[in-house]
Structure formats: structure tokens, C-alpha cells
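Following: one structure in C-alpha cells, then a few remarks.
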């Protein structure tokens, strides 16, 4: 049975890892989160397979056969050694996973030396993005532009109810909460256009509260931002 | 073990259930009230959570700018409520020792003291000078004191029942649970007020 | 009986009449107050509706007769000896009045909550029909938001929580050798609060502006400026919550004070332990959801500022208060199921429960830990970042006591003689499916993963694996298992097996793929979605209709067997626990004499083992053969 279990686990892990679970990895954070997820899979599959194999084996081996209607099973009340084992091993596993998850968390939230800040504003049912540079007019757009390879900090605000700023390709989300400013950091690593999704129920238009983020190379980004700033009369800052 | 169900009483109107076995020394009513009080403490806990978030986490000024809380009046009111706990205690010792005058006088004065407290509280609302919709601080002030006021009201309802029954000749040294259990609730209402008073008015 | 006398006697008719009086009262009082304050217009539909939501049910309960005895008592009249006139059911009509018999109440509970399962499930079918294709087909966005909100609220507050209370109501007093619950009248009142809550939630569809549409979580400030339908949820939750608190008090007092002689805590069946733990959770946690909804009510109706950030309110406070109840609530929805599974596995495997004491301790451990993890629902809520880390650890630790239970059940199977009938199949289905749901729960505890999958279909998958594959499977198992005891009839085994296999297969086909689309980036609570998820969603919708159809098999089996199934013997499963030692259905007062407990509840396979005997404690000498020293291999 152990062998069956081991083989089934291996197959399970192989299948689980070969599936491409996630959308494209659009940020340096995405890679780390995906790896954590894979580790969780590797840890979970054997647990699940263990339960499954024991159930199936018992059903096959110990099921009542004709003539056994009145028979009882072995009166086993417990086994201290076993109980200790199945308390300790999951506990160790859990602590291991938590420790790893903690390091990943610290890693993806680390403050870089240099970062640019984008203000994100959520309202029913649209996103808008503000770029503020000292001495420059504020740029307000509804398509988010970020430079590839640079750390960006989003400061997120909501004007009415709770929304949630989520870019599946970046793997990161956080609620936009009335009254406070929330934030996260991301380093985009792949050029392209990705969906921005509102992930917190915010009313009638929740499912249509979408926007786009364009990851472009830094030079293009600079040009775009300068053009936007120039398009604004200097007095029109808000 | 064979089934023993076959021989059960046919006519339910005459039959009575078997006497339940008492597996604990605690009286069911008493235990029920204590558990209920746990629930009540938790509901206050939730309101205190709101208070904590508004006053401590948000670091809003307390009380809101331009308002004051009548600490002294509320202090006198506290004394009134606390003395009602004493009269409640007197009521219970009276009924236990068979002192019917003490029972009636005690329960009546407890009720009246409680009613006075509620009256003063409502009066305070009328003169306090801010409303729950003025600010979050106002909301939680009215929320907590109002929640407590509602409990005073429930307590008074219970006390009113006990008063009626006491004046109609119920209760005896053997049969005093009907006084004891509402009494416990009343003490709880008092203790809760001390906490509300000290967090809202004093701190 | 003349109509006039029937209107005066307690019952549904008088209840309805009083309900109308309550409505008139609501009109009167709101208009009076508004006139007094000089508000315009004097007749405001919304305020009347809100007052009526609270007043009508209370008037109805008075009319129904739920308070008759207490009014009599309060008026100070001479104490009336209990004549048990409201106890027991002699015709089906006795199920439609205030009844103090725990067995009647149990059946009232179970039938009512299954009604709400069907309604909630039907609503899910509508949702799946809408979600079968991207774009909007059958309903508009507002209705869709209402559908999943009502779906979840009904299934949580009107199905899973009360159905467990109902099953326990029926079997728990029998199991511990008590003639009834500790407070029978309170028990009746708790039941009657339920249909009120359920009807209120459903009635919200009729409210102007549509039903409540903010999810079962009703986050502020979305809920504090929603149309009046939201108030139907807010008030209904108060009624459902009051019902659970009162039942929980009743269970706790019953378990503590009314056990049969010899029934020490360590001889209680695990179902009793499970309900003991659950009741602790209910008593401590439920006031928090009551408070959270009071805040919403005050904010919305009276303009309080609890959640108004502009006036200094705290938006996140709602979530802390709500989850401080609602996380324990998920264990309220699981622990009684654990108890059911323990009963069934040991009887159907003909073996003692493996590690009985650890089973009880792990229940208590879950209760304790359950209070320390609420913020794992708030990992992306923008709360103080540091809180996430302790919450991640405590959340993950819950896997340890739960694991103890799973592994002990597996060990109970080992070297048993497994009777693979319907209750057992559902129990085994539970073992595998709940493990899967629990494992996805542990993944959700890992903050970086949750940051991506929170508020996606991955969560929806987790919810249904633990609530459907977990709770609902145990409920099915328990209903089949106690069906002979409750009705005196046997269910149809063949239909039961069909039900199991259909449910098991299509359940997985419905909710399994939700993990995938969640990871791929499909958010939850959306009526419309991106084209890339179309294939899977169609597949899910079709599978879900088969889940619905399998439920119809179950309903048919139950109705047909109740009416015409073969008579059941007193103890068809050869079980040891006390409820099986009396006739099926049990006699009106449960026992002629309270039994005496002389051994553990699960001593299957121990030669000559006895759990309880119908003798007085003096006669019942401890028999020597009973395993006084349990075999521990």
C-alpha cells in the first residue's frame, strides 16, 4: 500500500506541476508566488493521496462480505505512537510552509532603493491613475502605464465604497478602502497589456469595472509621461 | 441490549416524562443565565471593538471637537445604578430568610432606582448637544450608552415581573430562583455600566 | 371549530392575525413619530417597512403562542403545573404549532431547513444559467448580485446552521438519556424564529430596489447605502442569530445538567461533544454578527457614522467584527458534521472510534483556535500589515487538530467490517472531499497565495468543497442514518446509492474546475466574465444542473419513504448509543425510566460490551467484561 501511495503521489505531483495554473508572469513578484504555489502543491498532493489511498484500500480490503453481517471489527481503541506521529508531522510541515511563505511575503513586499509612485483612484465603476512629479502638472489617465523593470508603488484610494485593485498578471491585489490609503509594490518584467480587475464587490457595475495596464520599456514610458504632462496646461494641476 | 421502547405509555395526556437525572450541581436556570450573560458580554465586546477602532485606531479626538461629556451627572447616575445592585442583594437575602417586607421593598426600590437611571440617561441625551449623526464619536457614544440603556430596559422588564409576582405572594425561602436569576442579570447590567462609564466618560 | 374560537386559540391563524396587527402598528408608530418630529412626508414607505420587519415577526410570535406561558407567568398568576399539553405530535397538524417536544422540533428544523436548501439550490441554478456564457442573458447585474447574496445567506443561515441544530435537537437528548431539552419552551421559540428569518430573506426580492445584493458578507459602506432590500438581510440575520444563540444555550445546559447517571463526559458520544463545542462557539461568537448588523442598521436607518470615513468612522471595523463571528461560523457549520461522521463511521465500520479522547480534545482545540484566525479573510483588506503573519500561523495550525480527526477516522476504518450503505458512502465521500477543501484552505492561509486568489473562483471552490463536500455530505449522511429513527421507516437504499454517486461525481465536476478558473484570474461575484473562461464555465454550469437533479433523487427518496417505506426496527444498524435503544420513532417521552450508562458509546467488537441499560444505577452493576482497560495497540 505504501508503494501504491508513493507512486500515486509522484504521479499526482507530476501532473500537478505540469499543469500551467497561472496567467502569464508579468512581474518579478509573480514568479515567487507561483513557486510558492508549486511547493504547496508538492506538499499537499501526498496528504490528499494518503487519505484517498487509505479510504480506497479500506473499502476494498475491509468491506463487509456476505456472511459477515453480524461480525464486528477489531476492538482497537487507539495507538499513542501513531497519534503522536500524525500530530507532529503535519505540525512540522505547517511550520515549514509558513516559514517559506513568510520569506516570500517579505521578498515581494521589500522596499527597493528607488521607486516611482502612481496614485490609483477607484470609484464606482472606473479606475483612474494619477502621476505626480514635483514641479510638473499632475497627469490623470484611465489607462495605466508603467515602465518595465522598475519598481512601482501604487497608492490606492477609494472615493465611495470598497474596491480592489488587482492585476492578475502581477499576482497582486489590495482593497481600495474609503478613508485610508493602501499600497503595494510591483516590478513589471514583461512588456504587454494586461487586465486590471476590480475584485471586491462594489455594486451594480462590479463586473464591468475593468481597465488596462500597459507595461512599456522605460524610454517609451518617459516619453509618454512627458507628452501627457505637456498636454496639460500647467495650472490645471489638481 | 434489547429495545425497551415497546412498552411506553399510550395516552400522552396522562403520561409524564421520567424525572431527568441531574448530572450537575448547577441549577439549569442559573447556568442558562450565566451562559446568556457570556453572550451579552460579547455583544458589548463588539461595540467596544467599534469604540476601539474609532477612538484608538483612527485616533480621532475624544469626545469630538466642540463637545463635552457630562461626567459629573453620569457619575451621580452611576451611583444610583450601583445602589440598585445593593437593594437587589437585599431583596435576595430577604427572600432567602423569609422576610417578605424586605423582598417587596427591595425589589420595588431596585426597580425604581433602575427606572431613575434610565430617566436620567434619556434626559442626558436630550441635553448633551450632539447627535449620533454628527460624528463617528457621537455614533459610538450613543451606540454604547444606548446598548446599555436597552439592557437596563430588559432588566427593568424582568424586575417588573418579579415585582408583580412578589406582590402577588410568590417566592419563598425554598423557591427563590425567580428572584435570583433576574437578580444576576441586574448585577451584570450594573457591572457593565461601570465599564461603559469608565471607558466613555472617564478615560 | 368556529373561526372565532380558532382565532383566539394560539396557532398559525392567530399568528397571522397578529402579524397584520403588527403591520398596522408599524404604520401607526412610524407615522406618529414622523408627524411628531415634523418630517415630510409623514407616510414614508421605507421607514414603515423597516419597522414592520421588526414588529410583524414579534407580533406573529405572540399570536402563535410562543410567549403564552411566559405572559401568564409574568402576570403573577398561580404557578401552573406542567401538563405537557403542547408536547408531542399526534397528527401532522402538531408540526405547525408551538410544540415543546424536542423530537417534533428536530423534525420541524430539518424539514424547514431542507426547504431552504432547495430554494437556495434553485437560486444557484439560476446563477449557473446566467454564468453558462459570457455576457448577460437571463438576469441583470443587480439581480445577479441579489441571487448569490440570497443563495449564500439562505444556505448558511437557514440551511447548514439550523439543520445541524435540528438533527442534534432530535438525537442529542436521546443520546444522553434525557427526556427532553432543558428549556422546551425556549426550544420551540428558537425554532419559530427560523422561518421568519428565511421568509424575510426571500421576501427581499419583492422590495423596491431589489433584494439585498452585497454578498452574504454585506461589507460596509456598500451595505449602508444600499436600497431597502439590504435591511431584510440585516434584520433576518438578527432573527436567525437569536435562534442559534438560544438553541446553543439550550444544548449547553442540557448537556451539562441532564446526562443520564453514569454518562460522564468521557462516555458521551462524539456527536454530543461536537455539539457542545459548537454551542460554545455560537454563544461566544454570534453576538458579533448581531452587532455588525446593528451598526449597519443604525448607519443606514438613523444616519450613524460607524462606517462613514468622512466623519471619522472606520470601514475596516466592519470586517473585523463580521469575521470575528463568521470565521467561527464556518466551524459552527463543520463541527456538528464531525460529530455525525464519528457516529456513522464507528457504527458502520463496527469498530470503536480510534483515539476517542483526542477526538474530543481536537474539537475543543478547533474551538479555541477558531477565535484567533478571523483576519485571514482580510489579507487583502488593507488592514495593518503585521496582523497577517500571526493570523497566517494560527490559521495553518488548525490543520493539525483537523488532521488528527481525519487520521483517526481513517484508523477507525482500518480492520473494520465496512457496511457500505448510503450513510457510510456519504461519510467516506466527506473524508475525501473535506480533505481537499481543507488543503485548499491551508493554501489560502499562505498570504502570498491569497494575495493572488482572494476574491476569485478559487475561493468559491474552497467554499463549496468545505461546505458542500464537507458539511452537506455529513448532513446527507446524518439524515440517511437517523431517517429510520426519526420517521420509523426505511429509506430506499438503491435510490440512496444513486443519489450518492450522482452527487459525488457531479459535485467534483462542478466545483473542481473552479480552482482552475480562479487561479487563471476569474473574480467572484461577477455576472459577466472574460471570453477566456467561457469553456470552463459552460462545463461547470452543465455539471451543476446534474447536481441539482441528484438532489431531486434525494427529495423523492425521502418523501416516498416517509410515506410508504418499510417499517424500521428499533435498531437497524445494531448501534450502541442510547437513541437506538428505544423504539423507532421514539416514544413520546423518550424513556419510561432514564437509563444508566455503564460503558463507552463505541465498544463495537468488545465482547459483551454495553453502553447503557434500562435499570436504575443501583441495579446496574458495572459488568466485568466491559473493556475497563481499553485496548490500545
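Just a few scattered comments:
The first chain written gets the first letter, and so on, giving A, B and C; residue counts start at 1 in each chain.
Keep in mind that, in the parts below, a residue touches a chain if its C-beta (ideal position, glycine included) is under 8 Å from a C-beta of that chain, and two chains touch if they have at least 3 such contacts.
Nothing here was measured: the structure is a model prediction, and the numbers come from that model.
Chains that touch both chain B and chain C are absent from this assembly. Look at the CA centroids: the one farthest from the centroid of chain A belongs to B. For the pair chain B and chain C, the distance between C-alpha centroids works out to 29 Å. Between chain A and chain B the centroid-to-centroid distance comes to 48 Å (mean Cα coordinates, whole Å).
Taking each chain's centre as the average of its CA atoms, chain A and chain C sit 31 Å apart. Those residues of chain C in touch with two or more other chains are numbered 313-314, 316.
Within the complex formed with chain B, the chain C residues making contact are 73-77, 79, 83-85, 87-88, 90, 177-180, 182-183, 245, 249-250, 252-253, 256-261, 263, 283-288, 290-292, 294-295, 298-299, 302-306, 308, 311-314, 316-317, 320-321, 324, 569-571, 576, 581-584, 586-594, 610-614. Residues 141-142, 145, 213-215, 219, 221-222, 309-310, 313-316, 349-352, 354-358, 380-382, 385, 388-389, 392-393, 396-397, 399-400, 403-404, 406-408, 410-411, 413-420, 428, 431-432, 435-436, 439, 442-443, 446-449, 451-452, 454-456, 516, 519-521, 523, 525-530, 603-606, 627, 630-633 of chain C are the ones that touch chain A when the two sit in their complex. Chain contact summary for the complex, chain B toward chain C: residues 1, 3-9, 12-13, 15-24, 26-28, 31-32, 35-36, 38-40, 42-43, 45-47, 49-50, 53-54, 57-58, 60, 64, 132-140, 142-143, 161, 164-165, 167-168, 170.
If you check the complex, the residues on chain A that touch chain C are 21-23, 32-33, 36-37, 40, 44, 47-48, 51-52, 54-55, 58-59, 62-64, 68, 71-80, 82-83, 86-87, 90-91, 94, 97-98, 101-102, 104-105, 108-109, 156, 160-162, 164, 166, 168, 171-180, 182, 195, 197-208.
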